[in-house]
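In this document, chain identifiers A, B, C, D, E and F correspond to the written order of the chains, with residue numbering beginning at 1 in each.
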Amino acid sequence: MFLPERILQEKLRKFLEEDLGQGDLTTFLTIPKDVVVDAEVVAKERGLVAGVEEALALCGSLSLQAKALVSEASAVEPGTCILRIAGDGRTLLSTERILLNLLSRMSGVATLTSRLVGRIEVAGYKTRLACTRKGAVGLAYFDKKAAFLGGGDTHRLHLDDMILIKDNHLKIVGSVETAVKKARAAASFSKKIEVEVTSIEDALAAAKANADIVMLDNFSPNEIRKTVASLEEEGVRRKVLLEASGGITEENVLEYAATDVDIVSIGEITHSVKALDVSLEVVKVTR
Amino acid sequence: MFLPERILQEKLRKFLEEDLGQGDLTTFLTIPKDVVVDAEVVAKERGLVAGVEEALALCGSLSLQAKALVSEASAVEPGTCILRIAGDGRTLLSTERILLNLLSRMSGVATLTSRLVGRIEVAGYKTRLACTRKGAVGLAYFDKKAAFLGGGDTHRLHLDDMILIKDNHLKIVGSVETAVKKARAAASFSKKIEVEVTSIEDALAAAKANADIVMLDNFSPNEIRKTVASLEEEGVRRKVLLEASGGITEENVLEYAATDVDIVSIGEITHSVKALDVSLEVVKVTR
Amino acid sequence: MFLPERILQEKLRKFLEEDLGQGDLTTFLTIPKDVVVDAEVVAKERGLVAGVEEALALCGSLSLQAKALVSEASAVEPGTCILRIAGDGRTLLSTERILLNLLSRMSGVATLTSRLVGRIEVAGYKTRLACTRKGAVGLAYFDKKAAFLGGGDTHRLHLDDMILIKDNHLKIVGSVETAVKKARAAASFSKKIEVEVTSIEDALAAAKANADIVMLDNFSPNEIRKTVASLEEEGVRRKVLLEASGGITEENVLEYAATDVDIVSIGEITHSVKALDVSLEVVKVTR
Amino acid sequence: MFLPERILQEKLRKFLEEDLGQGDLTTFLTIPKDVVVDAEVVAKERGLVAGVEEALALCGSLSLQAKALVSEASAVEPGTCILRIAGDGRTLLSTERILLNLLSRMSGVATLTSRLVGRIEVAGYKTRLACTRKGAVGLAYFDKKAAFLGGGDTHRLHLDDMILIKDNHLKIVGSVETAVKKARAAASFSKKIEVEVTSIEDALAAAKANADIVMLDNFSPNEIRKTVASLEEEGVRRKVLLEASGGITEENVLEYAATDVDIVSIGEITHSVKALDVSLEVVKVTR
Amino acid sequence: MFLPERILQEKLRKFLEEDLGQGDLTTFLTIPKDVVVDAEVVAKERGLVAGVEEALALCGSLSLQAKALVSEASAVEPGTCILRIAGDGRTLLSTERILLNLLSRMSGVATLTSRLVGRIEVAGYKTRLACTRKGAVGLAYFDKKAAFLGGGDTHRLHLDDMILIKDNHLKIVGSVETAVKKARAAASFSKKIEVEVTSIEDALAAAKANADIVMLDNFSPNEIRKTVASLEEEGVRRKVLLEASGGITEENVLEYAATDVDIVSIGEITHSVKALDVSLEVVKVTR
Amino acid sequence: MFLPERILQEKLRKFLEEDLGQGDLTTFLTIPKDVVVDAEVVAKERGLVAGVEEALALCGSLSLQAKALVSEASAVEPGTCILRIAGDGRTLLSTERILLNLLSRMSGVATLTSRLVGRIEVAGYKTRLACTRKGAVGLAYFDKKAAFLGGGDTHRLHLDDMILIKDNHLKIVGSVETAVKKARAAASFSKKIEVEVTSIEDALAAAKANADIVMLDNFSPNEIRKTVASLEEEGVRRKVLLEASGGITEENVLEYAATDVDIVSIGEITHSVKALDVSLEVVKVTR
């Protein structure tokens, strides 16, 4: 998910443009033209910071000098200074909110992802934690990158990067076999094929039809174990990756990790983000 | 916040474009061209639905026939059917996720807002609940509208619609009096002027300098009461609206409402949205 | 109406792009690649210059070195040098017309506004002069800013920054009371509410319904005086601001200012702009 | 200057988007959802209407039914109904101002152009009246089209459609001969070459160097006559078109037309537009 | 690569906008407003037609009625009528060239792809023919889709849909092992990893490091055979897909297909497209 | 076709954005953040290089230091180093393909154009070689500029820069005379008028109706000679330029040049581009 800085800056400036409307009136009417300010972006609570690269890019794009005091994906405590920014006072005050909104959302995503990933690791499981395409519209790049920084797997970035046959596709196509075969026949060799199933039978059918990944949708940990057993019995367990999805939360994630599933995916990471509290404080004013 | 449908549709299609990338591969490879489907969007949990207008606009924009079964801002239960959609199967499957992401976020915002507003009303207070500019970048229109539908006050929509002098402005300008006077001298008669204060003295200064609204930043309920008393003593309480902001949450909101403050504003409504669970199910396939 | 320079530059470059089409042929075919030129932007007639910030931003955006010799909103005479620009000859010649068009329009707006404001001040009135939303499509930011620089009030910047209930709204809603009450009940505390009235009765109704501003549409100075008298009689004169609008021109503006109205608004300032004559002259060529 | 309707509509909607910001608050808060209105766009003063096609396109783009009662480029009197529009009340009220701004500017351009063209024709001259590239930034399509509808010549539409060597080009290139030859050597056969001159000598040089058009910049009518005489003497008068430009106004245009010049061009037509007064009135409300 | 029609239409209209500039002058000046025409798009040479869906979408987007007479990806002969189009004459004439340019390029890509794929099939090989990312900038969607319609494999659609470690990456990272391991450790489970190698040793290293696909860059058919033998010897041949790339052309493609390589990729398909000759003829004019 | 560098860069970055999608995964996962690389862009085959300015602009836009080792439109041999580029490794690797695609297409256009123009010159003819509007959608600026650099004539850049009445216009208008007269009556003096004819009679009619250019569509060299003779007989040969178009290829272009035609135009130059092989090699890595 590398974007050259200038491309990233254009994405970021669109958010700023929307917030500015016809311009920042408060700054226009109260802040003189020649003021230079120094400011600090400070964490107000504990978490994992993400979006430092984006914050630096946004500042750079507006000729604000910014320096990161912590590196991307580091743990912060209340009071940790994340960035120092210096530059035109009017520009900085007009940008403050967008900068903080970006950092606090990305850090929120990374913090939760990292906490969940940490639990799985501490418990000694190898299960990978992935996010989904559930989230705030228009923000996939930021949310996926933050999840990655928190140690999560980005899963699909959008609709063109993997074939993922879901329940509604199956309702139209008819069977798992037909769907996987259709996809396999026409898909580029460069893509993987995943299929979402709701029964052990379909999990078996998917594995036999040469799906690369089988998503076990709303399976209980027990059902997952049974499915794994069946797949092993039929000698197809190692042909596929297994992803558990649906109903997995911070509370029960370890029960899922305890099964032999390869991936657990959790929508909450990106659709119900708790922003990390960060604030910006002007620390010096030079006229 | 009325947008003609065509203007709204263009906003919405941008989200879809981002999710599509070079196109939906799964749908392309598995779903035949001539299939017409009927589908339902169903709530999976209790909440207040918001975004129905947006969902209808998005469908209409893609030639999908959609009908709302509940009106905007109505309460839904698990199983409540929100929308019926019929049309081209490929188009519907490619749009499903964006449609649901939009509805679930907006409904999440509305649900929390409405719960908080309800508490204040039930407790018999007149305090207005407002959101802030904290939130997901780029989504102000949707988040503010959802907060409105939940009974909240949108506060500023962006940086051009009110003068709001904050802590960092004051650090540059020097004093509340100077800042308010500067703004008052140059601001259009069509704008209100609000100033954020951190002490009773500044609250008095703001009111005397003819601010329209005084934001009491991080005041405890007790400090608010003292401030109100001082303002009354000086005969300026009714000249201004008072907004309490900072540290207000679902847990303590009633304590704030119990003071004589006019508005309480809560960032959480838009920056830490818990998405409402909604899903789309194909219910009929016609070839 | 402060925009960070980079955001402003993007607005400005769109105008340039439109003028360039597939590229400037004359410059391409006649001007060598390595020529550096010095040029001056000079006023050809008396007026108030506006758009200096925009001109500097446009030049900066194209790597042209530009320096303002007069400050924004200063009076210029024929021959006054406004800007000195140095840089790549091809770039400068391709940009000349857009640069001048911008400066001459903004200066035209500022010049007329300032002349009208000056008359009102000289005559000793406190009445504020405002512009309207009548003007060239797409240019509100520039026209409103120029009017501000000329001493005028920007009035609404667009449709989201104040509630202004006009004649056509009233035809649908029915009465001034209903309209103002509907708006008041649902509007954010951060917005003012203005209502346009065509009779003394409605002016009274608006004031009593708690409108913040009452626009007296096409009232003669005499009718305004009668309205003021009625409002005073009913004790509501100081509850509202009064704006006179419709049929006010350079010729009669003092007659309106002579009433007790708070604001007079004049469409001509932005819808019938007389451009200020400015030109660009290359003064030095370096190879 | 034909644009397919859909392409034109996209241009127009951008103006609307800018005016809407985050949405029309007044309409949102006061106008119910299901109201259908009939409205009329009426001229308030005498002039030549232009922009009917654009107005219809804008309405059509928003699902408003619109019908023109007069054809493009017809003369209107105060009270003439130009358009009837029917449709969603909220949409119409949100669009009213942009629609009127467009019509009133385009009609203003056409009205002045047509008056000047009329004078030249009545006086019996064949001189063509052209506009320039001076005008409101971003509006060339609309201004040029309006000038065309008023009987004027559009001149260059932007920088890629003709070679026009101006004073500043000449300062860099050195001489008229060199500049025209350079351009002629490399220009596509599909383009004409015009050169701006400030002396009779240069006019001769331009004609001899095979320019297609010679622009006599700031020549008095008398100087033009002398130039024509010289060109005739040298046998090159009919090789070129002659355009008089600079300092030509409504007052003196006939003096210029009376010379043998082929074209007179006037910046005022597009840079100092006097908007034609038009208004929109709701005439029927259906719930 | 399915795009909802409205999304596709927006892509297509951008091409049209660029071609129109300030509008189609010829059509504006010569074609009356009310003319309806019927036209046919006809192949002038033998080939495989591609872009029918795009052509229909473009027409639909402009309110032109269009009907395909042959289906996407069918063989056409000189004279075969591909589309019938009816509608506004001005719109059709303004769109003709973009419509034809699109069809002729996409058909050109499909024709060559299909011819190459056909040869491989006729010769009895199972090798898949893929395109590369070499091609006209900005047209990946159209070129890849046309290659798919011609029976080819689209390979990567852009830089986010597979990991493909190329020579220049290896120069920075150092070794194939390190590069593949780095990628494998951090890549989403949803992505495949391909690595480009220039020696048998590196091909082995790649397979052992668990690359999914190994690209044999500029290997001769003989070198490919040796590589396959080595991979088999080491027991890793079936762990990877093998792609031959570099220097493969229509002339030698069968020699490559004759090796045990899984995929051959050819840049020529998209970077050196020979357009298929198609033309549009107006067949009926109705006033 | 001069575009200020910043405007050109924005065009170029759009191509890059499309190729990046949600970001370059390979680079993100394998290339460290602090690596600086030096690279060379090298020709792999003989040709005429075009697009150097575009390549430099793209690099500059991304803060990559680039230096051209050969000038625009110079001949290159296999191994000629065209550009040296130094800068951030991640940025360079993400941009490599778009940079090469641009250079190889533009150089391909220039190479063929130059070869054809060279043949005509060597054979001693004065005929000008022009391209057409046939080509890849969206790339007119680049294709036309490359043809210009190869010594060709750009012909129309888009639909607004000349009047060109084609067969389908004539089918609607009726006759060459009517069409040319309609156009002449309303066209700006700044535009030329060309008309496409299919018979000697129409060529005569066009010349007599004062067309500036007559396009002889699908005339054999013999038919062209006869047409020229007829035009001379009627004394109108020198009133018009003659353009031969249709069926002209590399093979037969000299036969056309041997007639007295002024221009031959060839679609192949831009619609069937053979890309010039160029590659980028990292030559130094600095950590």
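The criterion applied here is as follows: a residue touches a chain if its C-beta (ideal position, glycine included) is under 8 Å from a C-beta of that chain, and two chains touch if they have at least 3 such contacts.
Source: prediction; values computed, not measured.
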| item | value |
| --- | --- |
| Selected pair, out of A-C, D-F or A-D, that shares over half of its residue contact pairs with C-F | A-C |
| Chain pair with more C-beta contacts, E-F versus A-F | E-F |
| CA centroid of subunit C to CA centroid of subunit E, Å | 51 |
| Subunit D and subunit E, separation of their C-alpha mean positions in angstrom | 44 |
| CA centroid of subunit A to CA centroid of subunit E, Å | 31 |
| Per-residue overlap in subunit E, given as positions that touch at least 2 other chains | 1, 20-25, 27, 31, 94, 140, 157-158, 160-162, 186, 191 |
| Chain contact topology (line, ring, star, complete or other) | complete |
| Interfacial residue positions of subunit B with respect to subunit E in the complex | 13, 16-17, 20-25, 27-28, 31, 61-63, 90-91, 94-95 |
| Subunit B - residues contacting subunit F, complex | 21-22 |
| Subunit F - residues contacting subunit D, complex | 1, 128, 130, 148, 153-158, 160-162, 186, 188-192, 194, 213, 241, 243, 262-263 |
| Residue ranges of subunit E in contact with subunit B within the complex | 1-7, 10, 140-141, 144-145, 157-158, 160-161 |
| Subunit F - residues contacting subunit E, complex | 14-15, 18-27, 29-32, 35, 37, 39, 89, 93-94, 96-98, 100-102, 104-105, 108, 133-140, 142, 157-169, 171-173, 179, 182-183, 186-187, 191, 267, 271-275, 280-282, 285 |
